[in-house]
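One structure, as structure tokens, below. Some questions next.
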Amino acid sequence: MRPERLSAFSDGVIAIIITIMVLELKVPHEATLHALFELTPLFLSYVLSFIYVGIYWNNHHHLLHACPRVTGGILWANMHLLFWLSLIPFATAWMGENHDANLPVAVYGFVLLMPAIAYYILQSLIVHIAGPHSQLAHALGADIKGKLSPLFYLGGMALAFVAPWGSKALYVAVALMWLVPDRRIEKAVQDHTPAPR
Amino acid sequence: MRPERLSAFSDGVIAIIITIMVLELKVPHEATLHALFELTPLFLSYVLSFIYVGIYWNNHHHLLHACPRVTGGILWANMHLLFWLSLIPFATAWMGENHDANLPVAVYGFVLLMPAIAYYILQSLIVHIAGPHSQLAHALGADIKGKLSPLFYLGGMALAFVAPWGSKALYVAVALMWLVPDRRIEKAVQDHTPAPR
Amino acid sequence: MRPERLSAFSDGVIAIIITIMVLELKVPHEATLHALFELTPLFLSYVLSFIYVGIYWNNHHHLLHACPRVTGGILWANMHLLFWLSLIPFATAWMGENHDANLPVAVYGFVLLMPAIAYYILQSLIVHIAGPHSQLAHALGADIKGKLSPLFYLGGMALAFVAPWGSKALYVAVALMWLVPDRRIEKAVQDHTPAPR
Amino acid sequence: MRPERLSAFSDGVIAIIITIMVLELKVPHEATLHALFELTPLFLSYVLSFIYVGIYWNNHHHLLHACPRVTGGILWANMHLLFWLSLIPFATAWMGENHDANLPVAVYGFVLLMPAIAYYILQSLIVHIAGPHSQLAHALGADIKGKLSPLFYLGGMALAFVAPWGSKALYVAVALMWLVPDRRIEKAVQDHTPAPR
């Protein structure tokens, strides 16, 4: 199997995930401003998850582009990643509908943590095949973002039982960390194709 | 990332958006003509949105075809556009189910306005990279349709609180403006790959 | 726009249509044989629609393969076809849930008739561009199947108000007519890439 | 039609199937650990089906890659396979929501059995065209896994009415048999591109 094939299938799955999330944004029964405003937390959760899935799509694309060949291990590590990504709409809807509650906010962190781990496994397998002197290995460098993100998710999960708004702030911060290209970090880490966590 | 890749992913998302809208067309419980006729406003909303998403797909395809390379800015401007497009099924269903109400008609206009703005941003970034003497820049010309459309949407949003049927007429008019190839305008504006608003 | 692009987008939409139909097959609340058997009419409707959409996908693919270039007319004739195809899941579910009722069976016939007409329009536009001596024009020949099918659908729609089972028999017969390769007809009509109606 | 085209369409359908399963994982109304734990059987069913569909995607891809050309028979054998695969989300949700009940567990086995048979038909047609000395025929060899799997599914279906947990153990065992590359079996059977059952 060529990496392009795995990439195309993954793109399809990710396109579906990012689009079906909006189906959770159920049409209100009443045509009032109040009914619309009640959707705000769900809407904001949806925006955050859309950005996360977008970051994954982007990084995943670059990662597979740097993959010399597809082994059985890489194929299933990729399926493992897609599995966890496919749970994001569920966690997004649960958090959005219960934005004051502790557990859904912690579960959302868990559902961000697991694809981060899955991405790390996939990345490690591909770096192993590409070799330590490959362009990919150099681009990843120390992979500081990749190593920090799971810690933030774990922090967010713990914080959810004390101050859920703090967890959400952390989740937003990690997304921004991956979105905003910090020149200094970029130079230091030579961070071109790393994983969002 | 090559523009073809971004185009394929966007095509996937747009194909899903245009198809899941029909899921909102819930099967009536009764097998009567009355139950079927009750779906008429929702059905017409669906037709209008189908045409809008179809126009976007077509123009977006031509736009990315003229894109020399994908920068981080273009990638996220594209995601931003897809995000707003993915809200069209929601607004379509809400307007279709509350066709007499003011707010859903205004929100529908808003959900047309936002992808128009997002398209404009994406288009500007691509023109900036392609250069002022590129084929794309010439094709867009003064981009009169592109500049008029947001004004019509804003007008439709305001009108929704006075005469919702007037807003809908405006939304239909804008769609027709993009659909019907007006020879004179076409010549004047050299309007080959502009954005639907 | 190249025909391959239009074909890929259409394939995406058709893949979604054929797959989301199963979502209408709602999971029964009870875990009994009776609850399962109650799904039989819906299941059979789903099978029939799956075959119809499959025939369309196959023929549509061959049709676009024979298309020399994509004009604005062909692009929108294709969108028109996809629009009517996207209504098949709706009509399938309504007929499946009300298999004794007259109206849903007639509406199902209507929802088969409209894509048949849309396909005919698309085919005519492509034949017009390919020319009367093109391989496509020869392959279509008199297009007897294509001309008979709408008559059968109209017959099925009328019959639905007298004997719905007769309509269903007609719909099944048309599907079989397209599925089973009749050597004699095939030779006579030189029928390689025509439209299912 | 080229095999690549059939492969791309099938990939699209399989990507949708594997992703819409998660939609059955309905968001709980309460934000409690108890509500989350109640989803466990459904979640585990989802994991199992995700793995099965993943195995099918992988094997199907290799099978079509070895297909020299697409005949009408292969096209419809492939649609037949996609049809049965598209029922997996239904059976997964029914078993997941009624994990103690006998019938849904038996039906899940049936919904695994049917694509296994459909895959066998497709594989036989392709081997017939590729020829008995083709690489594919050698790779399949005695196809022991392919012949054992349906027996296990039948066993699981019968066992479901006595000990549903035993059926589930069988279903998991078959999935593992396809997932875990057993070196000895692999050598003996020269089993590179066979069907999951």
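Order as written gives the chain letters A, B, C and D; numbering starts at 1 within each chain.
To be clear about the criterion, a residue touches a chain if its C-beta (ideal position, glycine included) is under 8 Å from a C-beta of that chain, and two chains touch if they have at least 3 such contacts.
All figures in this text were calculated on a predicted structure; none of them were measured in a lab.
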Same-site or different-site touching of subunit C by its copy subunit D, using the half cut: different
Inter-centroid spacing, subunit D versus subunit C (mean Cα positions, whole Å): 28
Computed distance of Cα centres, subunit D from subunit B, in Å: 39
Per-residue overlap in subunit A, given as positions that touch at least 2 other chains: 8, 12, 16, 20, 23
Chain-level touch network, classified as line, ring, star, complete or other: ring
Subunit B partner contacts - residues on subunit C that touch it in the complex: 1, 5, 8-9, 12-13, 16-17, 20, 23-24, 72, 75-76, 79, 82-83, 86-87, 89-90, 93-94, 97-98, 101-104, 107
Sites on subunit D touched by subunit A in the complex: 8, 11-12, 14-16, 18-20, 22-23, 25, 27-28, 31-33, 36, 47, 50-51, 54, 57-58, 61-62, 65, 179, 181
